[in-house]
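Naming follows writing order (A, B, C and D), and every chain is counted from residue 1.
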Amino acid sequence: MTVDALINWFATIGDFPVLAFILAVIISGIPLFLVMALNAMIAVYVERKVSAFMMDRVGPMGQGPGLHAGKWGLLQTAADAIKLLVKEDTVPESSDKFLFKMAPYIIFIGAFLGLAAVPFSSSLQVADFNVGVFYIIAVGSIGIIGIVMAGWASNNKWSLYGAMRSAAQIISYEIPAGLSIIVPIMMAGTLNLQELIVFQSGTIWGILPNWIIFNNPFSFIAFFTFFISAVAETNRTPFDIPEAESELVAGWMTEYSGFRWAVFFLSEYANMLVVSGLAVAAFLGGWQSPIPGLFNTGLWGLFWFMGKLGFLIFVMMWFRWTFPRLRVDQLMHVCWKVLIPITMINIFGVGIWKLIFG
Amino acid sequence: MSRYFQNIYDTLSTLLTGMSITWRHMVNIKRDNVTLQYPEERWPRPERNIGFEHQDYNVIRSRLHVDIDDCIGCLKCERACPVDCIKIDTIKAPTRGEDIPNVKHTGETSNGTKKAMVVSRFTIDMSECCYCNLCTYPCPEECIFMVGGPNSSKHPIDYEFSEFERKDLIYQFAKKLSTEQKDGLQKPLPEAKA
Amino acid sequence: MKIAEIKATIINQFPDSVLESEDLAESQLELKADQWFEIATFMKEDPNLSFDQLECITGIDLGVEASLQSRYNFHSMEHRHKVEILITHDRNEPKVASIETIWRIGDWFERETYDMFGIVYEGHRDLRRILCPDDWEGWPLRKDYEGQELYHGIVIPKMKEEDGWE
Amino acid sequence: MGVVKGDQMVLNIGPQHPSTHGVLRLEVMTDGEIVSQIRPHLGYLHRCFEKHSENVTYEQVIPFTDRCDYLASMNSNFGYVVAMEELMEIKIPERVEYIRVIMGELNRIASHLLALGVYGLDIGAFTPFLYMLRDRERILDIFEYTCGARLLYNYMWVGGVSHDLPKDFETICIDFLDYFEPQIKEYNNLLSYNKIFVERTADVGVIPADVAVSYGVTGPNLRASGVKWDVRKDEPYSIYEKFDFDVPTGTAEFGTLGDCYDRYWVRMLEIEESVKILRQALKEVPSGDVHQALPKKIRPPIGSVYRRTESPRGDLGYYIVSDGTPVPSRVKMRSPAFTALSCLDEVSRGWMISDVIAILGSLDIVLGEIDR
């Protein structure tokens, strides 16, 4: 269901190109927004449960159908969402009100745009760019503008610290992320996500699926460097220093409440979805089945893609509830002194590998 | 250089060890869970099972309760309280050890002590109580106690006595006497002297 | 070192500053306030005494009519011995030399004693109240302390409010 | 706080902040992330303990000592009653001493567990905190079984303890220790050896031994700096000289002696030592009456006493002055957290804001005890 397909379909009905374009964007945008909201709701619930189980708790248990005797707290996130929407939306007196109100939407736009290029299956993709990988990485950095705006406009020292840390962190970690993603691009020779996924069909030695992660040792490492950078880009533990709860209270989100805060929250989980989606598409075979040749058609593609996505998001949660948090300078150390050299060597290695075996 | 790689190796191995621990706890949640689903499950939680029986507790620091029929008005608990949350007023009884039905005063305690005082006021402000249990020791009749635990036979456990108003936490154990009743108690005194 | 030797060492060094008193415990030594800083320095520096830890400073009000006292408990990590020094102050003008520069913890201990008793430690670089607010009036732990009526418009209750029994 | 230069900024950490462990306000002068000066402001939790004590009788002081160090109330009680017994020269039955040591050590474990767990929380690890709280809960259950209260016990009295040990106490305790000892290994694997944790704490906030002594830092914080000083060992009170245990000092395993990691690690080792003491003590609790030495009326002779005991946070001293009445003339509490906090400024200069949180957490302060 790409936008292009919709526009083409409208063209068969009649000649209204501008309207067709707008309609196509809206029709494909609304499901995307629903995916975002649904993702946040499910992810929040899963995160609660995962964290609770890891800590020997049971997590939310009430609030289900039938109120207190409900089942497993299934309606907890719905209750939370309602609470956030009806909560008072405070704007600090001394804040820069225009920027303060703008910031959540800019972050939201960044996440939303990124999601547009995620290939959920062979046909389910809003916009199938020929530079999809590049596009996702590029729009991923829009969010940082919103974060800095939020931090600055709040007129709060904690927010400012959070925003500055966040800016430094995201800009730095885009480099190893970009360098890691070059490895699959080199191997597939394309920036188009669908083509990248198609490249990964078939098997290696008849057993393993021909995913880029299994293709050679360098791409194996590249996956991990990319994933670590992705975790850092989404500001999650152990890289959650911009909102480090025990240090900066809530970082750049300190002054936000109610709906605006909910938008931040939504974007954070959407960002997780986008970076995991990119990792899945570039390294884990996208919508390809893990058992080569089986269950590979139609909606199975969506199933496999979502499954892999879910697993990566779960790993991010697993990280969060296991690890402590790094310090600012150590964060930079990991990026510049560990990840970047490794990714550089990786690019070299893949080039040589391609020369010899490819 | 080797230190650099050693560092990376250490990081990965220790982080993976940590992740394996949290994983083990996650999959064994049925066994490891320690949460008490409070309104449905109540304390003391039987599943925790570390060998505690309700009546084996030495005491449970919960609400204070007074068996006013046993109280002889000796004021010992009032003096023992470090935060002054117990307030007692007494009037000398006309005759020692005699029931006075109109103020619901019993003359003898369950231990057989003959009362010399009518307790006209016995209030405990549980919002100020610090649950130190100091008031229960000096009591000669053991009529002030913390409910539940070994005292469950006297009063069932009650640790959920929240109220909407602060003044509702002031527990009044003695029957409030009207002025006439007080006068009626005090009058016999001069007569007896005379 | 035994406590008697410690006392003897200090008495030998500063014979004029030591006050003889009957009702002192064995580990206590009462000093005059005038040479206190020198004595303290000596106690820290002398290799035989080497009191490197200031355990505690306790301010004491000996009574409404009587004087105030600072009591210092010293301990030596090196020799593992201890001594207690008493210094009596005039109630109306309590002051004594600060030993904050010798033992760093003296800073906060002296501030605390100042806060509670109003004993002025001369030479202290930052003698402010520590537990009470900066603009609190009176010295709370003195026996004749009367609390203030209002603090920034907040009524400070002297008696507990009546609980509405009558 | 001096003059704020152009590139500097004053940051108020607290009084409401997730990791000041109470209501502490730190006025931090920062240059970017680097801290150049810290000025702690205390007193937000000042509850006039010492003034209160001058208005209640000696036995009524004990509930107030509970509320000073609310994480180690048993040890607070312990210090007070030891000082009182020294003042009154009471001989305590052996059983009481054993019970007190058992309770003190259990509470030390509970307090250290909370300190370590919260320290993990300060560094950003949430899960170890809950594991440690889970085990602390079991110790609190044992306390509740014994004296009815979970946090503020009022258990130790001058001349005795309020209740005798309940039925099967020894077996319950041994069961707990058997359960607990393997957990220490799990904490270590989950948190202590975690590379991120080590990086965050090793070499950070080093307190050299002489600075620590000069600032009156005591307890695990001092031992982490390499000074082997433990009141239980060096100035034994109660019956601590009967037990065989080590005094762990800082090992500088991953960094410099006296850094945050050492302070953390010493606490972890101390838990093991406490388990050792508990196992010895539980084996040989003598029988007897726990109330036989309770004085009818506490009226100590005129005089004063300064006695310190080893609370989980360090030397907990009580200076008690008696004027011969049933009401103390002065009770001064020398609180170990108070002295530990005093060195924060010197230790944190030049470190980052995240490190200040790490250093503050490693000092294991309890605001109830600092402000009293």
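We take it that a contact is a pair of C-beta atoms (placed from the backbone, for glycine too) under 8 Å apart; a residue touches a chain by one contact, two chains touch by 3 or more.
These numbers were taken from a predicted model, which means no experiment stands behind them.
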| item | value |
| --- | --- |
| Pair joined by the larger number of C-beta contacts - A-B, A-D | A-D |
| Geometric centre: closest chain by C-alpha means | D |
| Chain centre separation in whole Å, for chain C relative to chain B (CA means) | 41 |
| Chain A and chain B: spacing of chain centres that average the CA atoms, whole Å | 54 |
| Distance between chain centroids, defined by C-alpha means - chain A, chain C (Å) | 62 |
| Chain centre separation (chain A, chain D; CA means) in Å | 44 |
| Of all residues in chain A, the ones touching two or more other chains | 54-57, 321-323 |
| Interface hub residues of chain B, defined as touching at least two other chains | 15, 18, 21-22, 34 |
| Residue list for chain D, restricted to those that touch at least two other chains | 127, 134, 190-191, 194, 196 |
| Complex interface listing, chain B residues touching chain D | 7, 10-11, 14-15, 17-18, 21-22, 34, 48, 50-52, 56-61, 80-82, 130-134, 137, 146, 149 |
| Residues of chain C defined as touching chain D within the complex | 23, 25, 52-56, 58-61, 71, 73, 77, 80, 84, 103-105, 107-109, 112, 116, 129-133, 140-141 |
| Of all residues in chain A, those that touch chain B in their complex | 50, 52-58, 61, 68-69, 318-319, 321-323, 338 |
| In the complex with chain A, residue positions of chain D that touch it | 9, 11, 17-19, 33, 120-127, 130-131, 134, 190-191, 194, 196-197, 199-200, 352-355, 357 |
| Residue ranges of chain B touching chain A (in the complex, touch as defined) | 8, 15, 18-19, 21-23, 25-26, 29, 32-35, 37, 39-40 |
